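Structures incoming, each one as structure tokens.
In the two assemblies presented below, chain A is common to both, partnered first by chain B and then by chain C.
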Partner chain A sequence: MSTAVAIHEEAHVPQPTQVGKPGGFLRRTNFLTALISGVVTAGVFWIVTDKITTAVAGAGATNSMALPSGLNINITMMYIGWVIGFMAGIGAFAGPIRWFLGHDLTHADAEYMAGKDMGREKFWKFTTDHKVVGIQYLVVTLILFGFGGLLAMLIRTELGATWTEVFNPNFYNSIIGTHGIVMVIAMIIVISGPIGNFIVPIMCGARDMAFPRLNALSIWLLIAAVPPLVSNLLMGGIRDGWTVYQPLADQAPIGMIGYQICIITFAFSTGIASVNLITTIVRMRAAGMTWSRTPILVYGILGSSIMGLVWFPMYQYSQILALSDRTLLTSFFVPASGGSVWLYENLFWLLGHPEVYVIVIPATAGMLEYLPVFVRKPLFSYRLAVAGIFGVVGLSAVVWVHHMYMTGWAPQSNYPFMLSTEMISIPFSFLVLVVLGTMWRGKPWKRLPMMAVYAVVWNKVIGGITGVFLSDTPVDQYMHGSMFVVAHFHYMLMGAGLFGAMGVTAYFFPKMIGRYLDEFWGSVGFWTAFAGFQVTFMSMFVAGLQGMPRRVLQFDSLFNVSNWISTIGAYIIGIGMLIFLYAIIESWRNGILAPDNPWGGKTLENFTTTPVPHENFPVLPVVTSGPYDFGTPDPYELADDAIMQQTEGAEKVSAQS
Partner chain B sequence: MSDTTTNSSVARTLSATTGEPVEVTGARDKLGVWMIIVSCTTGTIALLVSYAYLWSLNVNGAWAPTPGHANWAPVWPFWVIFTVMFIATLIMWNGYRGLRNGKVGGMKSAALLSSLLLLAAFVGQIVQIATFPFGPADGGYASAALWLAIANAIWLFMAVFLATAIFNRTRAGRVTPENPSHARLVAMFLTYLCVAAFLGCVFTTVMQDSPNTNSPPFGTFSQ
Partner chain C sequence: MSTTEERPMPAADEPESPTNRPGSMHLVKEWLQRPYVRRILWITLAITAVIIALSFVMVAFMNQSGGPASSIMDEIEKTMFVLTIACAPLMAATLAVLTYSWWGGWGSVAAADEPTSDGPGIKTNGVAVVTWITVCSLLAGFLVVWGLVELATITSSSYGSVPANQQPNSVKPVDVNVTAQQWLWSFEYPDSGNIQSSVLVLPVNVPAYFNVTSLDVVHSFWVVEEGVKIDANPGAITNTGFTPTKLGTFNVRCAELCGLHHAYMETQVKVVTQEQFNSWIREQGGNKTS
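Moving on, here comes the complex of A and B:
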């Protein structure tokens, strides 16, 4: 794809005065100092808030803006203190303060912050190198999946044990809600985090992301957001599902505040990451990498980032206003005092539905990225793939109301939104067609990433078709709130999103870690999980069609068999995922060393060494051809021509004789 | 952030951190700020939609502040605060224009004056919030107007930080005629804040009495 030449001549760059050792304050900060700072600041915020609210209440203040006292505001301020303290303790504020004072980073400062020559310590610090951030995202994602998966096992245990009640109903509802939101967060970051940060800048031919410090900020904000969410289980839990509809959320125990603080913080993290990815892709592509030579994964990450950037603030503000209803006693969503629950649902679903595409588009684009490598053919209809991605991005803005058919909000809008929702299956179908077209008459190289393509196409077709049913208003009136819906969105999010992410991770694992993912154990884990997935969710479709509602602890014995089967399937998924995790850990430590170009790809990350050097490329590359120029001209056409010529030749010889 | 070096026949200003020409890093920063503005705009739209939505529905007839605090917030403080922000933004743009013509002193004065005006607007915003003739619990209008004001206060706090930073950076020789991009970026962001504040002013001025004077009871959904 490229020839490497020096773009920038070596130039002496006069430096600002270096004060002290490179890195300055950041030399003393790490994960431990962040934890200590976070806990201490949280405690201080709690005590100070308690004093103030008590004093205001004690003084008998009656002015209209008197702060409401009580646990809600104390807990809220404690969590805010945690996030601020944690970020201060990791060193996130050092950069803005230096900038404010006019003290810019020297090159040595920047190199220190990027973790150059630092060893493993860099993974515990506010490190700006995109490769370190990518690995940090990978580990955080695995931890979130582990936690969310454990909760899924608990849910299925409860539903499978039809003869007894394993958990009390409140705790059961809490693990449902926590499982949902943990998995949504993990799925949002599973490609854009590890692959977007580690691979995309290299694939674009850049030395780093556009804003390296914002990159570190995004991962550490994510890490700061997790403890408030997890702690909800100790404080009454999230009993209202991951959507936390109003006014139930307003009446929920204080654990709800952990959810709200988590989402507000996570939205900042996602927004920052989106700004960074978009700017990197638009401004930092290598010389010669025109839009028609840009790899399809880059388009996928770009589309996903655009959706996250535009829609996440809606979700964020829905939680800010909900938190305000709890703590300041405002009434955005409290009908008794002028609020509207429909307002919440609109704000929530304006991100809530595009989030599905934020998850699925990068996974699909990742598969399209490596598919030509494994069939050694050009990507079929590259432009159709790009149109598919941006068709989904565009239509994602006009589909959210299909989640509200049954709420009574603006019934006259149901049919236009039914149409727009069904329309979005068209650009999605483009992407499936590109997969099929690329595989057509190909001889796939049967390795784990390629196997994932088959699995995802199967899951996506089932998830997509059932989605078309659910987008249909009359059908949704019957299916709404049933296990059929649960099975459908698991086919999309897990079946297409997570299994796709497993394939994408297997493909990029050698470049990121320097070793191949163990093919045998990786495949055993993958297919075990896949088989378990079919058992679990096919059976759940049956339960849904029979009429079993979601989010219930006790149900009619009519649904026993399908729930037993689903629970057995879920345990099989768990076993498969544990095997896949074993493959990752074992390969990370002892896997087969990968060469510079692990799969014979043509994109830029394959034109640098493995492991990737600190500055990615010795000299910046120049792109001179497309990313999928495998076998051009088409070997099959050549073969056909040759056969035709031979046949014609034989006929001539035969005629002459 | 930058120093000038004569590597070839043309003098180029390079970023000290990355060694790239400052036009390159400036273009990158500009796109980044545009993206942040897009994201912030969505947040502002969320607040404005919330205001308009509650105004139009008048759920349970509880849009207007409760009878004990029957006054709407006076609109003139919103407009005064907006006007001060607008002037501060014009001054910042003017300073930037002067900087491009080599007037470093003008940029310093403009950034200082702009930050002082923004500080005054911030204080004014806090005073306005503290003297609203209603409490946050007094219905839909109270909630929506209060949050428009709180959001503006948060933006103004940030604006003071940014404008003061430009003053400091110009003094420290980081914002220069050769590398003025940070002053431009801050002026761009202040412009966005003015637009957001203006829309808030329009909403709080025009949308007071709900058009839905006979709203049906929605129920309270209380436990």
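Moving on, here comes the complex of A and C:
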């Protein structure tokens, strides 16, 4: 940023003049003003819309309920008012408006926005510094996991109490749906948010993200998107599962609008964040960081961002169309008026499946990133890992129909989509070989991140084999919509995604926070949660095999035992996660101070001070070697080489290295 | 990376000495004699055995409520076995390397210490990569081919490309119109004077053919022990079918969240003899028996 300004001054480009203190309007905005502004704007939007809908309803109408969709329109406008008011209150529009009015942000304003020399208040403001955004993402993610986890405990309580209905069915269905979507949102951002924003620019050797203001916009849009979703529990619930299939969603109470507004807003947030990450990674890597020297985590975030950018709009459209069915009484998805439920299912799963890879790829890439550091060996077959990531990104586009094998939409399409689904296991197997090859003959350093690799690969193997069953249409004919599916995707999303994210967070924690994550309590929490996880979901596989459908609150007594075991396991997960949370909070405040290079890694973030200074590097780094140049010459290979040299000359050897 | 330059190149005019050349399998043999390779192979073998044993446990759980009750369910269970056995060695190899590294077979550094030396600098290994990709691709190819053939098999014995009631069968199939609504199933027998029932009654060893639809939202018609499932969509008719091969009472459940009482949207399928079926039809007031 400073270099860019220096060039401008040399070229005598007229700079905007500073009026008043740096920051201007932004000095007065923070999270509190955003909340107030959001609530007030929502109220204003409600009142104005109510007046208009009452007037539209015609003479004699006393309120908007006279219009068939009057209440829906009011609620929709109220939520839109909340999002606009919240974003205005945080100061998101200050930059564009000042540009429009002719006095653009100055350099001093930009530095104020980046939180230079500001204390803790920068975490509560529209701060553009990528490190602040990363921490904000981390905290938001923890809150979402806490909330989603609490709902999971409620679900398991209901399913464990096989003799009674603990909750009424409407509330139970609502917490199922809310748990699902809250966890999916949290899992999508858990690596790309905190690690992607904080670490990736430093790893690339950049001073900030490509578009710092868009970066701040993405986190605050996310924060604006969550309250409408959570509020659904107070407004009748969504009772449709996280997939909110039509036309059931059309029957749902007004809480559904909160879900729809949340997804529409969140999709903007994701799109903006993806563009930002892709641009940063493609354009702002340090001098000398060729594509063959780019750390694998950067590739993972790039692949994940590409999928998010391309596929999230599908989900967004599906919710916009559903919202329009509700408020404008269109009939995109209403069969009675010529709509199609299959159209909704297609739009939904066009994101719904790539989203799984949006979650799993960054977690896997993060693991591959630190694995070489802990075994002190090069990453095995770096290019195969890159090929694996992009193979998954490419194939993710053509597998969504495997969620619709049993819908009857197009039975003939089951053949090609079974083919593509089985094929995606090939690029995934590349990543498995990279992990195994890196472990091969290495001495693991048994710290928490390394232990997380073992846990994640174990979970991935189980998630993988059960995925093979489900991708096979005949078996899916039995498994589809059963608890088996639930257990399978928890093994992938939670077992590989969340446990992977815990390892990745433990690895980058010292760099981000400046203190190590407490090894003892972190490990205790991690392994407790892992043990509980195996109990819960192994038992859930059994329930699925026995024929228990998902999303039920009462069931045949045949499934009692497996559900009791699952519930006990779930409580163990809950305890483990609380311990892990304690480790995070305790280490954040009193952990062991981390040196500049906490683990002896060779990527760029290890070559700046801890805590990372404003604008990251005093002098921008130049990269002269690969990120994983660990290792001593291999005694076995030296022996092989000697034989090879005697017989075939050096050709083969140079090809190997 | 720079090690190649340090190695002396053989002089161009120096003749190769064929007597020194080891056999092409030399490297593989040498590799198989390494102690850790042998141990990992033994662990792989043990885990493979466990996984194959587990496939029996899985199928036992699937049969706990009385299945398999149709040829489709037989095929599904056979597929479960084949998929598990095909994937077992690769899964086991992965877990074996994982276990070996975790147990410290190659040594380890305690959490309290810090690593003092680097491991072997293996950047890649062409033979390993090519072998792995080949094996995985062949495995995936086998799974696809097996799946496609099985899908074609169960399709032809359920809804098929030709509707079951037009197929040249020795016995006339039973047609059933299945209507789902929140939150109950109703079954109509169009061949028998459109009699209605809330319980599905079918004669054994006679193909049954279903036209499935819904009055309100998406449901899913799942006849658990027969291994058949198809969504019931409002405004559309989907088809499925099966031939029950086992007498008894089995379960129909809704497998797609359909609102408040989704959990209670279940009924029974009673598979009875042809004579019992005929008398049941007469009891219900059906005017014609099949």
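The rule is short, and it goes like this: the second predicted complex is superposed on the first by the 603 of 657 C-alpha atoms of A that agree within 3 Å, B and C clash if a C-alpha of one lies under 4 Å from a C-alpha of the other, contacts with A are read in each partner's own complex, and residues count from 1 in each chain.
By our rule, contacts are C-beta pairs under 8 Å (C-beta built on N, C-alpha and C of every residue); 3 or more make two chains touch, one makes a residue touch a chain.
Quick caveat: nothing in here was measured; it's all calculated off a predicted structure.
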| item | value |
| --- | --- |
| First (chain B), second (chain C), both or neither touched by A:Gly600 | second |
| Partner chain in contact with A:Tyr317 - chain B first, chain C second, else both or neither | first |
| Partner chain in contact with A:Thr624 - chain B first, chain C second, else both or neither | neither |
| Chain A residues touched by each partner, larger count belonging to chain B or chain C | C |
| First (chain B), second (chain C), both or neither touched by A:Gly271 | first |
| Chain B versus chain C as contact partner of A:Gln251, first or second or both or neither | both |
| Touching partner for A:Leu419 - first (chain B), second (chain C), both, neither | second |
| Partner chain(s) touched by A:Asp104 [first = chain B, second = chain C, both, neither] | first |
| Chain B versus chain C as contact partner of A:Ala336, first or second or both or neither | both |
| First, second, both or neither for A:Met439, with chain B first and chain C second | second |
| Common interface residues of chain A - those touching chain B in one complex and chain C in the other | 247, 251, 335-336, 340-341 |
| Chain C - residues contacting chain A, complex | 1, 3-4, 7, 9-10, 16-17, 20-22, 26-27, 30, 34, 36, 58, 61-62, 64-65, 72-73, 75-76, 79-80, 83-84, 87, 90-91, 94-95, 97-98, 101-102, 104, 106-111, 113-115, 117-126, 128-129, 132-133, 136-137, 140, 143-144, 146-148, 150-151, 153-155, 159, 212, 216-218, 220, 222, 224-225, 227-231, 233-236, 238-239, 251, 253-264, 266 |
| Interfacial residue positions of chain A with respect to chain B in the complex | 8-9, 11-16, 64-66, 99-107, 109-110, 207, 210-211, 247, 251, 271, 274-276, 278-279, 282-284, 309-314, 316-318, 321, 324-325, 328-332, 335-341, 343, 346-347 |
| Of all residues in chain A, those that touch chain C in their complex | 169-170, 173, 176, 239-241, 245-248, 251, 335-336, 340-342, 374-378, 380-384, 406-408, 411, 414-415, 418-419, 422-423, 425-426, 429-430, 432-433, 436-437, 439-448, 454, 457-458, 461, 464-465, 468-469, 471-475, 477-478, 480-482, 519, 523, 542, 545-547, 549-556, 558, 600, 626, 629-637, 640-641, 643, 645-647, 649-650, 653-657 |
| Of all residues in chain B, those that touch chain A in their complex | 1, 3-5, 7-8, 14-20, 27-28, 31-32, 35-36, 38-40, 42-43, 46-47, 49-50, 53-54, 57-60, 62-63, 69, 129-130, 132-144, 146-147, 161, 164-165, 168-169, 171-174, 218-223 |
